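Both of the next two complexes hold chain A, though its partner changes from chain B to chain C.
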Partner chain A sequence: MAVKDVKTKDQHIENLAKIVGGAQSILYKKEDLLAYDCDGFTIHRHLPKAVVFPKSAEEVAQIVKYCNEHDLPFLARGAGTGLSGGAIPLNGEVIISLTKMKRLLSVDLENRRAVVEPGFINLKLTHSISNKGYYYAPDPSSQYCCTIGGNVAENAGGAHCLKYGVTTNHILGMEVVLPNGEMIEINTNGVLDPPGYDLLGLLTGSEGTLGIVTKITVRILKNPEAKQTVLAYFDKVSDASQAVSDIISAGIVPAALEMMDKTAIEGVEAAAFPVGHPKDIEALLLIEVDGISAGIDEQIHEILEVCRRRNVREVKVAQDEKERERWWANRKTGFGAMGAISPDYLVQDGVIPRSKLPEVLERIKQISEKYGLRIANIFHAGDGNLHPLVLFDARKPGETEKALAAGSECLQVCADVGGSITGEHGVGIEKREEMRFIFTDEEIIAQTNIRDVFNPKNLLNAGKLFPTPGRCVEVKRNEKEKMK
Partner chain B sequence: MVNQRKSAFYKTIETMFFITKQRGVLGLIATELLSELKSILRDSQIQVEEKENHPLGNSGRVTVYPQSEEEMANVLKYADSSGKKVTIVGGGTKRGFGGLTESADILLSLADYKGVVEHTVGDMTLTVKAGTPFQALQEYLAEYNQKIALDPAWPEYATIGGVIAANDSGPKRFRYGSARDSVIGMRIVYPNGTIIRSGGKVVKNVAGYDMNKLFIGSMGTLGVISEVTLKLRPLPKYESLILLSFLEGSMEEIRAFAVRLLDSMMEPTSLELLSPSLSERLTGKRVYTLAISFEDVESAVHYQEDFVKRIQPSETSMTVLPSKEARVFWNQFYTIGPNGREIGDDKEIEAALKIGVVNLDVLQVIKESHLLQDAANVAIEAHGGLGHGLCQVYVKGAGEDVVAVIERLRQFVTPLSGYVIVKHLPFVLRQKVDVWGKKPSYFFLLEGIKAKVDPNHTLNHRRFVGGI
Partner chain C sequence: MSVRESDLKQAPACTVTSLGNYLWSDPPDESKWADCVHCGMCLESCPTYEQTGQEQHSPRGRVHLIKSVAEGKLEVNEAFADPVFACLDCRACTTACPADVDVGGLIEEARGQIRQAMPLTGWKGAVSKFFLEGVFPHANRLHLLGSLLKFYQKSGLQKVARKTRLIHIMPEHLVEMEAILPEVKQPVRKKYKHADVIKAKGETKRTVALLTGCVMDVMFSDINEATINVLTRNGNDVVIPQNQTCCGALHVHAGDRETGRKLAKQNIEAFKEAEKVIVNAAGCGCMLKEYPELFREDHEWREKAEQFAAKVEDISKYLHDTGYEKPKAEIKTRITYHDACHLAHGQGIREEPRDILLSIPGVEMVHMPNADRCCGSAGIYNITHSEMAGAVLKSKMEHVPEDVEMISMGNPGCMLQMALGVLKYGRNQKIVHTVQLLDWAYQKEDRLKEGKSWR
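What follows is the complex of A and B.
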């Protein structure tokens, strides 16, 4: 293919185009850039300067080096499914899209590892190895389209993380382009515990602020021998919550333990994958157990007993893989399903100690009443990771702001009971200020100090993850004035 | 000889004799150091060492026993602002692990900072003070049918803080992961006295950088871990251990068996290969032996035992140890390596090595360790996990022979992209052997982190990679 020239007066764009091999690998016209002004968090938008599509780590390194030398802000982007705004070009960044670096580089079944490029899609990894009986465990709901590079940046979770852990528990090594363009390899051979501070652990979940990952070594797992899924309908949220605690207390570690409340059920039943849940129940639990076949029946029996003791209205075990898949499709498309019952919705991502579930759900109900906005709850009950979905209509003046305030208040409740403001979606732009709910100034500085080691000029994905220092002072001042 | 600060009785005696001791050595100690420490701590929390030269090094001229975070912070603040060096110690089992300082100014002991802070049974989370001995914790948790999913060495003495700071793990890591998979929150006292919380109390949390990871395995070079929050697991309802001894000792046969088991859907908790010498000590059979353990409901454990029996290679012998006997085996297993609390006789040098390779390359490392025994005139016991790639190699012999073995093993694992870390070695020999091996290519990042957190190199100076 002939290399097309870039016609623009911007020297930087011309130079970047040269690095990636011409016009077919760069976007710079306004109409093309519009698709990149936000990610899965749509409330903030900003146009990037350009979007480049490198095909190799070397090209990434050259782009970064160029940006660093010319003080151009830049950031990395995968599939753009992030829910907290981590890939939004707040400062008119050059977006380095990793979607063309999407190869599966190697698979080593005997040593249970695979090496992928960052743009490789999460679910494709499992599909590539499932015929041999292996899979990649982290399963965010967007796994059919999100990239493993993005998963690393966000330390993505998923429904099955209760038993198998989140992304960070499955990353063995990576190749990283640092914000000055230098390329380093951390443990790409996947040997555990390399001498030194755990940079893999630090980089995973750093929301693209410490470096750009260009190669990832991941752990793969053997499929469990058996799997059983239970669906339980409850008339009271408190009974469902109690059942969650009882299952865990019985010494069972379910592979997944999901909950949906009445509003959420209304949404999923109105959307593309209804399964015929009764409309008048208050909560449902979706419980999955996996492991050695000989032990599964015993655990299922115990789970059914627990549900019955907690006044379950109806409880059933999936009869075949098809039924199981239907139940999961209904759950995994839960966020999007809210579009069927509300013009807009805002997803939150708080975490609470499991035992506080009834109390917190009650307080979320009060927040919903206070703002006059419906809040649906779909969440990973087993690990206390809540996803309150605030339903609103952006066309109504002031309602977006109300939704944001309600979402923030939900996070305050999570923080109040000893929890966290995000379990798997990340802080991004969305929850920057809420970081103060759980961290002191000193603790935030301890973290930005680490950022400065990697990203001293703060050209890489600036303005994410941490609260703006200036604003904090202003808020404090306002509060003082109010007190007077 | 065991650590003197063992019982309340000893403590009383020490307090009584403190004045006498102090008078005897005061001339050697900067009076300023002692008087400053006395303004922070009670006399009974300060112990002046009569003999500074511990054979494993990592001593202090004065040992302090803070009982609160505030006391720790004040000691560190003082040390950091006055150019004093601080070494941190828990149970002392890892005293021979790294460190090029024979005696720092202050030895900060966490031995008196122990106990459960919060255990939310229903949430399966536990917050505990760092000086709590590991086994005491497990015994406490067992009453609730829960456990910390780690199996470090010398659990009776090793403290939870030390296990995490040194990132110790055992054979069951294959199934349960390591400290980085269990720790969900920490409180860290920074060298300047600031107290920083990392993570939180919930099992899933991505708010901010995952700072927990920074401190796990950092060998106390960034801060003093004062409190740890862990996620717990239920105690298994049943467990067993299969000891599969390979009479012919062919590596191909062991490999073929391991690959078959790993490729099955069985879920062993450990798949640990023991060298013939170690196997002899633990099982009486001087042949390569696999220690395969299962933890699950009883029916599932027996089902997996049956699977292993079905694929048992010829020329092997198999012993199945049910629950209690399995636990007895493991308890013995966790004390096979050297313990930094014990000062051995001077005739033989003991070393412990942690060798990391790609999982199945463990076979080669264990074989090489076995062969080196005769060639290098040392006694070697070794084991390694075929599902996680980490080996522990224990070497005993004359100083120069031990050093030669370390070098030989380093050369051996280099083409395998592996590493050798020396986890235990007398202080004198640590001057000759680089405990951590060669610096990684990204060392400047490690140095940068150290410089931000501990710019004066106050904490555990030169205890870590590349002299950090």
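What follows is the complex of A and C.
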């Protein structure tokens, strides 16, 4: 392709275009920018100043250096599947899209690690190594599309993280462009637990506010020898959650232990990957165990027993890989499936002690009645990560605000019972204020002080993750005004 | 700048302007985009997003833009038309989307608006008018193959056509086979012009009508012939309604929905008597099944279109569902299967053709990764967007296994594009239609039975 020049009156656009090699690697016309006005969180929308598509870490560093020198706000974007607004250009940022940096750089089976560029898609890693008997464990439901860079930023989790841990447990090293344009490497040789501060841990889950990740060394695992999957239908939520507790107390560590409630089941059954779940059950459990072949059958036997003791209506084991895949496709497309029963949804992401589930679901039901909005619940039951999905219609005046308020109340409930306001989707824009449910002003300031060490001018992804201390009332009011 | 800045700057999702910028009838359907929850699960399925990495070239981005025009935030202009027309119509996003958003339908409706708001001018307009209005709907004109070759010139397909003579896109040993098959020189519509019905061999179990297709019957009449052979062998009387016409897919893809409706009406009438309409071109089959979409605003025709659409069936699914005689002769070959977009994504047909191929003794199937990824053919896309089509083809060819002799599929458009790919990337696979292979197996069986030599 010939390099086309960019012709605008904006000097910054022209200069940025020069860094990334011309017109095909930069968007700056308003019509083109519209597709970047939000991510998977659609309640806030802002246009970026431009979107640039660097092809290398060096280009990223040059872009960042340029923005830093000229005080242009900027942020990184992967696939834009984030659910808390982390990639929304609140301040008219220059978006640095990493979709052109999507190579698998190396695979080292002997030492069980792989090196990827940040735009590499999560599921592609497993696809690239599965024929050799390996896989990448963190499996967010969005894994068909989300980038590993985005996973690192959000410390993404997934159904199978119950046994194997979330993203942070699988990151061995990374290369990062700091907000001043300096490029650093953290533990790129992948040695376990290096001395000194755990910078990897700090950067993982920092929601793109400390630096832009340009290369990642991840851990890969050997495929389990055997795998069995169980589907159980319950007439009572309390029975289903008791079953969850019983399974864990029996000493079984399932690879995955998922729950969906009645409204969620209605959604997935109306959508693209129906399984044929009965519509009148209150909850279903999807349970998977894996590991060495010996012992798997006993575990399954025990799980079936537990379910029966807890009055399961029907329980079955997947007969083959096809059936198993169907069950998982149904579960993993659960959020999007809500589109089939509601024009919009707001997904919340609370964490609760497992034992509190029946109580929490009861209170969520009250919230749902109070606001007159349906709420579906999808739950990583094994680790207590609850996703209430507030269903609403943004075209109806006032419903968006109601949905936001209902979502916030759900999080309050989670915090009240001793849980947290986010399990895996991050705080972003969405839950800035709810940070106050679990942190004091001092604790928040301590964290923003850390941010300031990396990001002193706060040009990188400003306005995310933390409420502005002391000005929270004002922030809230602004929020409300924007809604009007 | 055509965008209203005030609207773009701050527009929370909850304020929807009632004034839309779609000014013509038959606009994109609000209920279609209302299902989109902006989750992004469709991104990776989209070939144009894969190539560009840019979201305005993704299904989610396109839906967002189409919706923004309706909300009055964007106008129907060049910048809007670009991503809408760069869509391949491959429908992979429809498969990927958990909320079942009909992205393809929205795109076609939006194209209809664009073409009315800003009619094509210059050479693109001339080419498009010449073929869409002047050639495809007219069987006799189509038979002037010369003009068609001109049509394929720009995309480089002409070379393929010359080199392979189209009819001979098959392996060496099968070319020999082909030599002993009844020579097909003329379109089946001409050949059977005076036959009311082509009788089943043996007892008649069912009667079906065949859509011969416009390009199909001229360039690939041997596939139509194979389809007829396979149908009659399995107890079907075959009728070829003479006043049938082009399915209109190319017109609808190009935004000319008016001509699309005209052709649809003619076909609905032509097949009025039929109980089953058999199609061997995935693109056409998909279009016929979507006729009701064209008549959203015309209740009477919508009903007729729905009745018609319910009768349409792809040949592979029809054979699979009604049962077919398993061939006994062996065709020893290693083969891979490419899912035509309009079969896999458009009609949900994936296993049936594979089952048919596997039912032929001697056929060994090699899995093609990303088999349901678009090849870039997409109607006249490879003329209007040759650069993108080329890039999509390149990535398709990278997935074709090295060690196979044939690539089988169920759509003539794909066959041409894949033949081009084979030529362009110095590969040596041959391109066959699924029913062709089944037909050859039957033919071989018969020859052997008659004691004649096969080779």
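Rule of thumb we're sticking to: the second predicted complex is superposed on the first by the 470 of 484 C-alpha atoms of A that agree within 3 Å, B and C clash if a C-alpha of one lies under 4 Å from a C-alpha of the other, contacts with A are read in each partner's own complex, and residues count from 1 in each chain.
The criterion applied here is as follows: a contact is a pair of C-beta atoms (placed from the backbone, for glycine too) under 8 Å apart; a residue touches a chain by one contact, two chains touch by 3 or more.
Computed from a predicted structure; not experimentally measured.
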| item | value |
| --- | --- |
| Room on chain A for both chain B and chain C (clash or fit) | fit |
| Partner chain in contact with A:G372 - chain B first, chain C second, else both or neither | neither |
| First, second, both or neither for A:R395, with chain B first and chain C second | second |
| Partner chain in contact with A:T81 - chain B first, chain C second, else both or neither | second |
| Chain B versus chain C, judged by how many residues of chain A each one touches | B |
| First (chain B), second (chain C), both or neither touched by A:Y197 | first |
| Partner chain(s) touched by A:R354 [first = chain B, second = chain C, both, neither] | first |
| Which superposed partner A:E225 touches (first chain B, second chain C, both, neither) | first |
| First, second, both or neither for A:P278, with chain B first and chain C second | neither |
| For chain A as apex, the angle formed with chain B and chain C - C-alpha centres, to the nearest 10 degrees | 140 |
| Minimum Cα separation, chain C to chain B, after superposition on A (Å) | 20 |
| Chain A partner contacts - residues on chain B that touch it in the complex | 120-125, 145, 167, 177-178, 180-181, 190, 194, 196-198, 200-214, 216-218, 222, 233-235, 237, 259, 262-267, 296-297, 299-300, 302-304, 354, 356-360, 387-390, 417-419, 421, 436-437, 440-443, 445-446, 448-449, 451-453, 464-465 |
| Residues on chain C engaged by chain A in the complex (per definition of touch) | 1-3, 5, 8-14, 16, 34-44, 53-56, 58, 60-61, 64-65, 68, 73-74, 77, 79-80, 95-101, 387 |
| Chain C partner contacts - residues on chain A that touch it in the complex | 1, 27, 29-32, 34-40, 42-47, 51, 53, 79-81, 97, 99-100, 102, 119, 121, 142, 144-146, 271-273, 333-340, 343-345, 394-395, 397-401, 482-483 |
| In the complex with chain B, residue positions of chain A that touch it | 109-112, 133, 154-155, 157, 161, 165-166, 168-169, 184-186, 189-202, 204-206, 222-225, 245, 248-249, 251-253, 291-295, 298-299, 351-355, 380, 383-385, 418-427, 431, 435, 438-440, 442-444, 446-447, 449-454, 465-466 |
